[in-house]
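Both complexes shown next keep chain A, but they swap its partner, so chain B is in the first and chain C is in the second.
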Partner chain A sequence: MNKSKRKKVNDAYLFALPYFLVFFTFVIALIVISVVLSFTYYDTINFPDFVGLRNYVNLFTQDTDFMQYALPTTIKYALIIGPGGYIISFLMAWLLAQVSYKLRTVLAIILYSPSLTSGVLMAVIWKVTFSGDTRGYLNYFLLQMGFINEPVQWLQDSNMIFGIMIFVGLWSSMSVGFLAMLSGILNIDKDLYEAAYVDGMKSRWQEIFYITIPSIKPQMLFGAVMAVVGTFNAAGMASALTGAYPPPQLAGWLIVDHMNDFGFSRYEMGYASAMSVVLLMIVMIFYYVSVSLFGEKKDKRIR
Partner chain B sequence: MIMDNISSISLMVKTITGGNNSDTVDWDILKYIPDLVERLNSYADRLEEIYDEIDEMDTGVSGAGETSTLNVAAKQLRRIAKNPNKIGSKLQEFSEGSGSAYQLIGNAISYMMQQPLSIDCIYVYQDQDLPKATGSFFRKLWDGIKGFFYSFFDTRYNDNDVDEDTLEVWVGQSTLYLDIIQSMIDQDFTKDTGIKVKASIMNNVQKIVLSNATDDNPDAVLAIDNWNPYAYALRGILADLTEFDDFEEVSENYYANNFTPLIFEDGVYGIPETQSVFLLYYRKDILDYLDLDVPDTWEDIINMLPILQSHQMNFYHPLGGESSFKGYGFTSPIIYQFGGEIYSEFGIESTLRDENTIKAIKFMTDLFTIYNLPLQVSSFFEHFRSGDMPLGISTIDLYLQMKYAAPELSGQWDAVVIPGNDLDDDGIVERWSPSYGKASIIFENSDQKEDAWKLIKWWNSTEVQIEYMQNIKTGLGEKYLMLSANMDALKQSVWDESIKSVVMEQAKWARIPAVTPGSYVVERELSNIWNKVVIDKENVLIAINESVPKIVRELSRKADEFGYVSVNNPDGRPYYVPMNENIDRWIREDYDE
Partner chain C sequence: MSTRVKEQARLEKLKNKLVRRSRRNYRRFQGVKINPSFFHKSQIKFLLMMLPMLIITLLPIIYIFSHAFKSLSELYAYPPKIFATRLTFDNFRNLILATSQTGVPFIRYIFNSLLSSTLTILLSMLIGSLAAYSFSFLKYKMKKALFALNQLAIMIVPVAIAVPRFIVMSELGLTNNLLSHVIPLLAMPVGVFLLKQFMDQVPRELYESAKIDGANNFQIYYKVVLPLVKPALMTVAILAFQASWNNVETSSLYVDDEALKTLPYYFSTLTLGTSAIAAQGMSAVASLIIFVPNIVLFILLQKNVMNTMAYSGIK
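Then we have the complex of A and B:
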């Protein structure tokens, strides 16, 4: 009895092995390397030198660009795009669930495609739309209508770049989380709605809050996690829009941009690793926040 | 003939309407150009006549696509003639833009002038059927499949599997150039020296750092952008080329300033291959119409701006280009032309607070705040072509683009050296401009450094560079030509004589800001200063004062990293910054301190 039980456990480990191997090589090992490198000076060419906590001390006490631009911009961006894109994703998914099958498929592809192709569309649509040239779409339109007398420098004005980034970010925020929520809503048992109406539910609002949202909680959690991770890992958007590296006056400069800059332009990999560890911490904090907001009791055990 | 007339009518209309192309304003154009309708109709008649004549020549097809644009242009002219007072809002159809009558005629002319004939094979036959000129569908499909699988065995992308004594070389160029380079090496270099060379594509410079970490970097790299090698030299993975005895034999073919970004401490870590130049392009027809001379100095430009702008035209400076980042390529020439400097000679500190530099920064922002140059131009080519920016500074690429993509304007525009300043009143206008290009480098850990040096010497020699440009022109076409940094080679190259003399003249004024540890921060802050002053309307001196502490902090942080003299470390090693005055110290052997 005892022996056979142990054997069962071993079999289970064997089945988990492929996943564990992949997870270890591509996730755990990299995080460990990154943490180790964050305590070194490493110029990507010569062997790393151990420097203790210097990178972390410098990050929080010396690096004004990080504290003044990268960190606040990232948090602002994440707090707007994360919940904003999340709410839009849910609303769109709910609206799509109301229309007929064929129309839904077409609309879902249309809504989902920006998140896949944002890099290309950025160049094709947004750069032309917001171009500071008199022939940029938006400027041309406003000039023709007589709202402005000379072209607005949408992509050179450091005060506007962040706003445009938010706009483009929201537009491309309907990604995997949106698809998960859509399929979640479509899978809700219709009987639940009917039962609720019998019990005295009066409006579509009540339907959303009492039936739809509670029924798709797992998908909501997935969407929230994807939104948090996605927004914190965003990079290069301001540069892609303005065609400038770095963007004017570091407008829209995110932590990952700052990290790439130190890692690849300034050859300070150790310092960049320290930044990535800090970023990992921030993402984990926001992850726990979203788990406690949307997770079931059993999910909370992850903590 | 017709095109000249169209262009002059268009300019007249623009003078009358002041460039206002809104169709809600009623203009009485006929009052100013009474014969407009007759003129337009006569042009249309003439175009249709020409079209019929050409159509008769070609018996096979009627209405060939190449000439049918003439018909379309004639129709467009008639449509405008029907409503002549609306011509102001119809300029898109008339003379501007890619579908205008003007452009359509130009396209037809260029089609008719060049009718390429290519021959695959010649059959001599008697009484038997000729094979079909195009293969069947399945034949094409099969060849496509074969081509797809052959691509896996393409050695050009495969940088492994070379035997010990083969020189391994990466090339930062596309396959098109690589094929030419490899075949030239095989035919000449390997035959003469017996050194086997394997060239492969380097599609990303990051590859150098990664391959160095695993110790399988190549022996040398050709055509790497010349701002890259410094970072490698600073960290000790490149070979100092001045250690080869005959370094000067090579370097004497170049203007010394082309070496600036390749210099680190006492060494020179690369040989320039190509260079770039900025030229001033202008539209002859428009300057003639406005009765303006080609400008020679910045003062001339400032003086002609009111006339241009009163005709709704403007001058283009690359600072108002598409990118919001104003790099050294755009900021440094003005600083040098005003006698400013970017770094001080000894130690590492910024000189942005020097009088001349401040004057230069003030000028480059005044151009946009006071003189109203356009702040962001997506494509100068389009504006230059349509004539609303008849004057502007651009690279050699615009020459090729205009020559091939705007044939309707041929003879209507030209390029000259860029405007500058005559600081010391000696009659010589200083026209400094950066000549960023590509370079060749050798790795320190290569065990065939002598062979690699032979290759680089051979590759950058005058004869080989002339032959290379020749091969590009015949093999790929003139559009792919680049400017060799080797001045003797450039002088005898296949570039059109007219543009070559201008380029040679401008190349004398090559001057690239040095690269130093942390120098990127100076470039970035210059861009930020420009942005703050021009977009946020900040005061120039305040913007500079905000940036200098940032620059000093980053420069001294980087100096500390490598142990040079800095604020915190006065006993560090001194760092000499290469500049125009002292560049010969590195490049010429007989330099006298």
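Then we have the complex of A and C:
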């Protein structure tokens, strides 16, 4: 008995070990290193030099590029793309659930396809669409329709660049989370609808709020997490769109871009790590908001 | 006595009222409308509501296909055309010739990309399913905590920890090596999560009876569980492929040797910084080469993915 039990334990560790080796090395350890290095000056050559909170103080008081561009742009971008992309994903999933199987499959593939590659790798599409000369698709279209008289320099104006980033972000927001929500909606127990109508449910709107969303809360939370992850994939998009590094007037300059700039161009790893910690905190905030919206509230249930 | 009769009468009345209301409500119910089994014209309104988004997602894809086959004169054409009228392979040829200028043949980038993607897929499926098996079937200390940690890590965006990853990669000597393309991508918390959720659906009786028949855990894992979780394995394969095939970071940061870099990196050097129209044709071809394997794989495996996603919920 004792012997077999010990053997079982050994097996489990053998099974779990390979994954957790890479998981701890490339996720957990990296977070720890980020936090530790954020309190040091480290140029990758000399041993890290402890500097206390200096990196954070500099980040929030000296670094105008960070405070004026990277931080507000990131927060603005995340606040629009996170919830916006998420709501579009849910609506599309719900609408898709209303049509029959074959059509739904084709349409789901079309809607999902933009998220297969990153917006950065597909930048050529947007460059041609938003090109500043009359040959750009959008300019040509608007000129023909008479909305504008001369071509608009879409990729030169910082507001426009941000707007285009939002557009590209929404374009590719129907990712794995969208598929999860779609699958969730399709798997809701059909008897629930019947029972709810007997209890006085009146419309399809009520159906969404009283049946659909409560039934797929777990998938909604998974979708929200994936939406948060997707939001931060826009690193380098502004540069890819404008073809300039850094982009004009630092338009669309995200914390990730700022971090990569300091980390890999200037080798100020300590300072870049401090930004990495700030970024992880922003991600955490988004995560906790998602959990508080869609997670199972255990303490409330007991009450 | 009389109060009891009254109470009974009141309850009877209430019951009748509720039954009548339920019947009335039920008349409003015209069958479950979600997941219909056939097409009906009442579904058209939903299609119309999806139409704007469908156009936005589909047009760029169509455009990239046609742009890739446009000749130089059509790329310069005014008014601009969405569709190519004469198909040419000039852009493909230009792309291949442009590569040879860096001294590395085009085929080498393709080979590197294919090899590292294949390795990433196979190893992700292997170590992911092993870990998921331990979560789903075995008992050990810290299991719950590890699973919770893994679930939390789903939202750790890889780009957010690029700086320490760079340091760890150089400390481990994972530079200038084909494995540099593979190993960091194997830490895929979402893959393990999906596999575990799917394995939880495997009936415990199967595990128990295999155990009684004298099978050890590795036999049960390989012969009983793996065949049953094929949809989740395919989903992990797709996610691993996307992570690897689209990965630029490894080539640009950890690999100096041009001969060990991968396709998307080479393409990103083409796209970045050039606005010449001739380069647009090549860039479109490049995007196409990145995009097509992704979409083909997804179309082939989409049923498996949808199947897996049914159990993707986080509680």
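By definition in this document, the second predicted complex is superposed on the first by the 261 of 303 C-alpha atoms of A that agree within 3 Å, B and C clash if a C-alpha of one lies under 4 Å from a C-alpha of the other, contacts with A are read in each partner's own complex, and residues count from 1 in each chain.
Everything that follows uses one rule, which is that a contact is a pair of C-beta atoms (placed from the backbone, for glycine too) under 8 Å apart; a residue touches a chain by one contact, two chains touch by 3 or more.
Since the structure is predicted, the reported quantities are computational estimates derived from the model, not experimental observations.
When both complexes are superposed on chain A, chain B and chain C end up clashing with one another. Taking chain B and chain C in turn and counting the residues of chain A each one touches, the greater count comes from C.
In the superposed model, A:Y112 lies in contact with chain C only, and not with chain B. Once the two complexes are laid over each other on the shared chain, residue contacts for A:M237 go to neither chain B nor chain C. By the touch criterion stated above, A:S265 is placed in contact with chain B alone, chain C being left untouched. In the superposed pair of complexes, A:R135 makes contact with chain B and with chain C alike.
When both complexes are overlaid on chain A, the residue A:N46 reaches chain B alone and has no touch with chain C.
Contacts of A:P151 after superposition: chain B is touched, whereas chain C is not reached. In the superposition on chain A, A:P246 contacts chain B only, with no contact to chain C. The single stretch of chain B with clashing C-alpha atoms against chain C, selected from 76-84, 112-120, 202-210 or 256-264, is 202-210. Residues common to the contacts of chain A with chain B and with chain C across the two structures: 44, 128, 134-136, 144, 243-245, 264. Residues of chain A touching chain C in their complex: 8-9, 11-13, 15-16, 18-20, 22-23, 25-31, 33-34, 37, 44, 88, 92, 95-101, 103, 105, 107-114, 116-118, 120-129, 134-137, 140, 144, 171, 174, 176, 179-180, 182-188, 190, 193-194, 197-202, 204, 212, 216-219, 221-222, 225-226, 228-229, 232-233, 235, 239-240, 243-245, 256, 259-260, 263-264, 269, 272-273, 276, 279-280, 283, 286-287, 295-296. Of all the residues in chain B, the ones that touch chain A in their complex are 22, 206, 209, 212-213, 231-232, 235-237, 322-325, 374-378, 382, 518, 520, 524, 527-528, 531-532, 535-536, 550, 557.
Those residues of chain A that touch chain B in the complex are listed here as 43-46, 62, 64, 128, 131-136, 144, 151, 153, 155-159, 242-249, 264-267. By the touch criterion given at the top, residues 21-22, 25-26, 28-29, 32-40, 43, 46-47, 49-50, 53-54, 56-58, 60-61, 63-64, 67, 76, 78-80, 82, 126-128, 130-131, 133-135, 138-141, 143, 146, 149-150, 152-157, 159-168, 170, 172, 183-184, 186-187, 189-190, 192, 216-218, 221, 239, 242, 246, 248, 253, 264, 267-268, 271-275, 280, 283-284, 286-287, 290-291, 294-295, 298-299, 302, 305-307, 309-310, 312-315 of chain C touch chain A in their complex.
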